[in-house]
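Both complexes shown next keep subunit A, but they swap its partner, so subunit B is in the first and subunit C is in the second.
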Partner chain A sequence: MSLLELKNVSYTYSSGTPFEITAIEDINLTIEKGSFVGIIGHTGSGKSTLIQHFNALLKPTTGQVLLNGKDINQSKQSAHEARFKVGLCFQYPEYQLFETTVYRDIAFGPTNMGLSEDEIKERVREAAELVGLTDELLKKSPFELSGGEKRRAAIAGIIAMRPEVLVLDEPTAGLDPSGRKKILGMISEFRKSTNSTVIIVSHSMEDVASLAEKIIVMNKGRIYKYADVHEIFTKSEELAALGLEVPPVTSIFLKLKEKGLDVNTDIYTKEQAEKELLRYLKREGIAW
Partner chain B sequence: MRMTDYDDKKSGKTPLIEFINASYSYDTEEGAETPPAVKDVNFSISRGEFVAILGHNGSGKSTVAKMTNAILHPTKGKVIVSGMDTSDEALEIRIRQLVGIVFQNPDNQIVSTIVEEDVAFGPENLGVPPAEIRQRVDEALKTVGMYEYRLHEPHRLSGGQKQRVAIAGVLAMKTDCIVLDEPTAMLDPVGRKEVISTIKRLNKELGITVVLVTHFMDEAVLADRIIIMNDGRIVKDGTPQEVFSDVKTIRETGLELPIGANLAERLRNSGINLKKGILTAEDFAEAFSQFVVNNR
Partner chain C sequence: MVRDITIGQYFPGNSVLHNADPRLKLVLSFVAIIFIFVCNNFYSLALVALFSVVAVLSSKISLKIILKGLRPMLILLIFTSALQLFYNKQGEVLFTSRYLTITTGGIYTTIFMVIRIICLVLVSSLLTYTTSPTQLTDGIERLLSPLKVFGLKNGVHTLAMMMTIALRFIPTLIDEIDKITSAQKARGANLETGGIVKRAKALLPIFIPLLVNSFRHAFELSLAMSARCYNGGEGRTRMKQLKLQTRDYILMFSMLIFVGGVIALNIIFESVI
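Showing the complex of A and B:
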């Protein structure tokens, strides 16, 4: 079932001035309910402009954005509702923490939704547990947290609104490897426990390939391709021409293939890689 | 741990940057004592070296970066740049002529509306004569491959281009050493490649000393030497091969192995012993196909 639908959406910045730039053009897109979609594309390809249309932060210059079949830009009310139903987490969201305690920061969204005190409490606890923040940390000032913890607190604030769609722009940028793993694990966990739709924008092909089922490739403000992970990452030359690349693990298998080894190149994670290498050795009857 | 001081004396090289029992504590608003971000750190960097500094968020690596050119002065111990104490304010300008820093966010480092003016900002502040500034700016922009963009507006450039302009700004000061604090964290794959290949060229072709603070293991393996920081201290200092063969320390400090080393380690756990020293994707592909040939 389609949850989010964009019909012929274009957006022009500074429209009517000499500086007008069309950031996205003629976008037609359907996001299915419960799907996990990755968005990739080089800087300036229109990714950020695109996702800001998902919750009416930007209103298309032409075209329509439908959520559950209803135009979200129809009225102030519908745009307001879209903000809660589609939770948008910007890049470096920790810079937007501002409350006196982590608890109050996570509660900010639910409070604005006009929920009861008890409901807010429950949602904050639930979101904090999901992102792995302890009760102890909830009492602290957000500024006392580590970089990774701050990032998780910021995401918890969005999760606490229980959005139908969670959109994350570069959720792992600037984090160390263990912080990155925690965030990625948390996103998987959120999806499993809530069956929500998740959309992630990332420069890390590894992150996208290991999490998403379908991928949108943006190029020059248009959707270049919208297909399964497999279909996107089997075309390494095509990606390179767009300023993108295959995940590092995949590049190893492409190199092995070049060297004449008959390996499967449809490999995106280290776990898959380990299995495929062992399988290859066994199949070739190579003992060790 | 590598005895850098000893090595330097032995080889007769003078260190460019020296940390001697250096610690740093950030002040809190109340002026209370906070635990130091950098604790009793000792290391030295020689001219021409390419050193990567790794460590998890909050390990003290960015603080160390800011201590190399007197942005931060050690609260205990000393940091010496080419014989000059960074705590001596009178030497600040001379130190910054030797060591320049490029930060993570390309948008926070732009001061002018035209690329070449941005690059000229440093040497202008140093009082370099205009004719020489012209020459330095052109040279620096050519070095980073941005000369054809000299009359462009910096804010319209891509992230990778902006970072290369920032690097040119440091080069135009004729610094001996460039310190880069996560210069690629905000860049797309192409931007990352542009910046990393520029950094490599500066080091290999121009002999500029490079200190690269990063979270990307595949960038760190390009260095001659890697320093790992944990909880404000140096816990490992050696060649990429030495550092990444210590899997235990890598795990304990919240880091990860570079892709080639990671897969080699996984196979090793299944009893497959590929050759030692595998780091990159290329290394792994080479070693694995060799293994297949040898054992077929």
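Showing the complex of A and C:
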């Protein structure tokens, strides 16, 4: 069932002035309930602009955004409600923490929803547990946390609203490998435990390939392609033409093929790579 | 949107104004601003407007950027012109009805004010548009250096440095306000409704991160500066020594013509305001 639907959406910054710039143009898009969608695209291709339409932070210059079949820009009320149904986490969310304690910061969203004390408490605990923040950390000031912890606290602030759709803009940008792994693990965990829809914008093809089921490729403000991961990453030339790369493992297999090894290049996760390598070695009689 | 404010930004380029000596630019902008207010009839006003247009053109900065810088003034312009137009009762009455009277005085002052404000913004923003922060500090510091004899040895340098840093961070902070506001709105922050107290409170989630981020920027900057052995103006030498060149003298001469022109036109024609 379609959860989020964009119909002919265009958005122009500074509209009606000589400095207007059309960031996205004629976007038609349907996000299925429960799916995991990755958004990739060159810098300035309009990814961040696009996702800000999902929760009515930006109102389309033309076109419509439907959430569960209803136009979210119909009234102030509907836009406000969309913010809670579609949890949007911006890039570098750690710079938006402001409360006296981590607990209170995570509670900011639920409080704005007008929930009861008990309900807020439960949601904060649940979100904190999911992102791996201990009770001790919850009592601290958010400014005392490490970079990775701050990031997780900020994401918990969105998760605590229990959104139907979780949208993340480059959640792993600027983190070390272990911090990155934690965030990615957390996102999968969130999806598994809540069956929510997740949309993630990322520059890391590796992350997108390992997590997402479908991928939106943005190019110059338009959707270049919206298809299964498999279909996207098997067309490395097409991606290269857009200034994008295939995941590192895929490029390894492409190189192997180039060298004359008869391997399958239709590989984009480490697990597939392992399998394919073993299969190859076995067939060649090198390993068994 | 707050993002549309471009005053204080620097747009690198290669033009007469970009290459001119920053000290000269500072002084000339100051003189130009004075003469924007000195003109008192339509002929000298026209010269001021012409001067501003020529200045803008010679900076080779795209018209888009210039207009963008003017845009925040629009509301101020409309508001003050409306006030002048409807409440200034000097001069002949051109139109009158029960509610409003329009007089020649009102129209004249409105025209003067609009052109003056526009020229003022143009000239002052051209200074920062065409001068990099480093050059600007350099210029300010050199111009103020006579103050050193009054025991303000390091003070002049510090002041100039502080001004430059402040200018430099205006666009950064504006960008940040934009981002933080969106992020808090995404968590359901309500900034638009409620009484004045409620609204002021609603700004906290924006101001606190902004403040924290400003401190972060300040610490990072001071660290970067000390990493490059910055320790104030004492004994600091420069890679680029400022020296007036032929093109600077030409610029000075053109300015002299402008100033002379405004004075002459003011004397020849009658003042209208």
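Quick notes on this one:
To be clear about the criterion, the second predicted complex is superposed on the first by the 286 of 288 C-alpha atoms of A that agree within 3 Å, B and C clash if a C-alpha of one lies under 4 Å from a C-alpha of the other, contacts with A are read in each partner's own complex, and residues count from 1 in each chain.
Convention: a residue touches a chain if its C-beta (ideal position, glycine included) is under 8 Å from a C-beta of that chain, and two chains touch if they have at least 3 such contacts.
It should be emphasised that the depicted structure is a prediction, and the values quoted were computed from it without experimental measurement.
Look at subunit A after the overlay: subunit B and subunit C clash there.
In the superposed model, A:S14 lies in contact with subunit C only, and not with subunit B.
Of the two partner chains placed by superposition, only subunit B is touched by A:L281; subunit C is not. Once the two complexes are overlaid on the shared chain, A:H230 sits clear of subunit B and of subunit C alike.
Partner contacting the larger number of subunit A residues, of subunit B and subunit C: B. Shared-chain residue A:Q52: touches subunit C; no touch with subunit B. Contact with subunit B, but none with subunit C, is seen for A:G179 once the two complexes are overlaid on the shared chain. Clashing C-alpha atoms between subunit B and subunit C turn up only in stretch 63-71, chosen from 9-17, 27-35, 45-53 or 63-71, once the structures are aligned on chain A. Partner subunit B is touched in their complex by these residues of subunit A: 42-44, 146-148, 173-179, 203, 205, 243-245, 248-249, 251-252, 255-256, 259-261, 270, 273-274, 277-278, 281, 284, 286-288. Remark: subunit C residues 1, 4, 63-64, 67-68, 71, 176, 179-180, 182-190, 192, 204-205, 208-209, 212-213 touch subunit A in the complex. Residues 55-59, 104, 158-160, 182, 185-192, 215, 217-218, 254-256, 259-260, 262-263, 266-267, 270-273, 281-282, 284-285, 288-289, 292, 295-296 of subunit B are the ones touching subunit A in the complex.
Interface residues of subunit A facing subunit C in the complex, by the touch rule stated above, are 14, 17-19, 52, 55, 57, 76, 80, 83-84, 87-90, 93, 95-98, 108-109, 112-113, 143, 157-158, 161.
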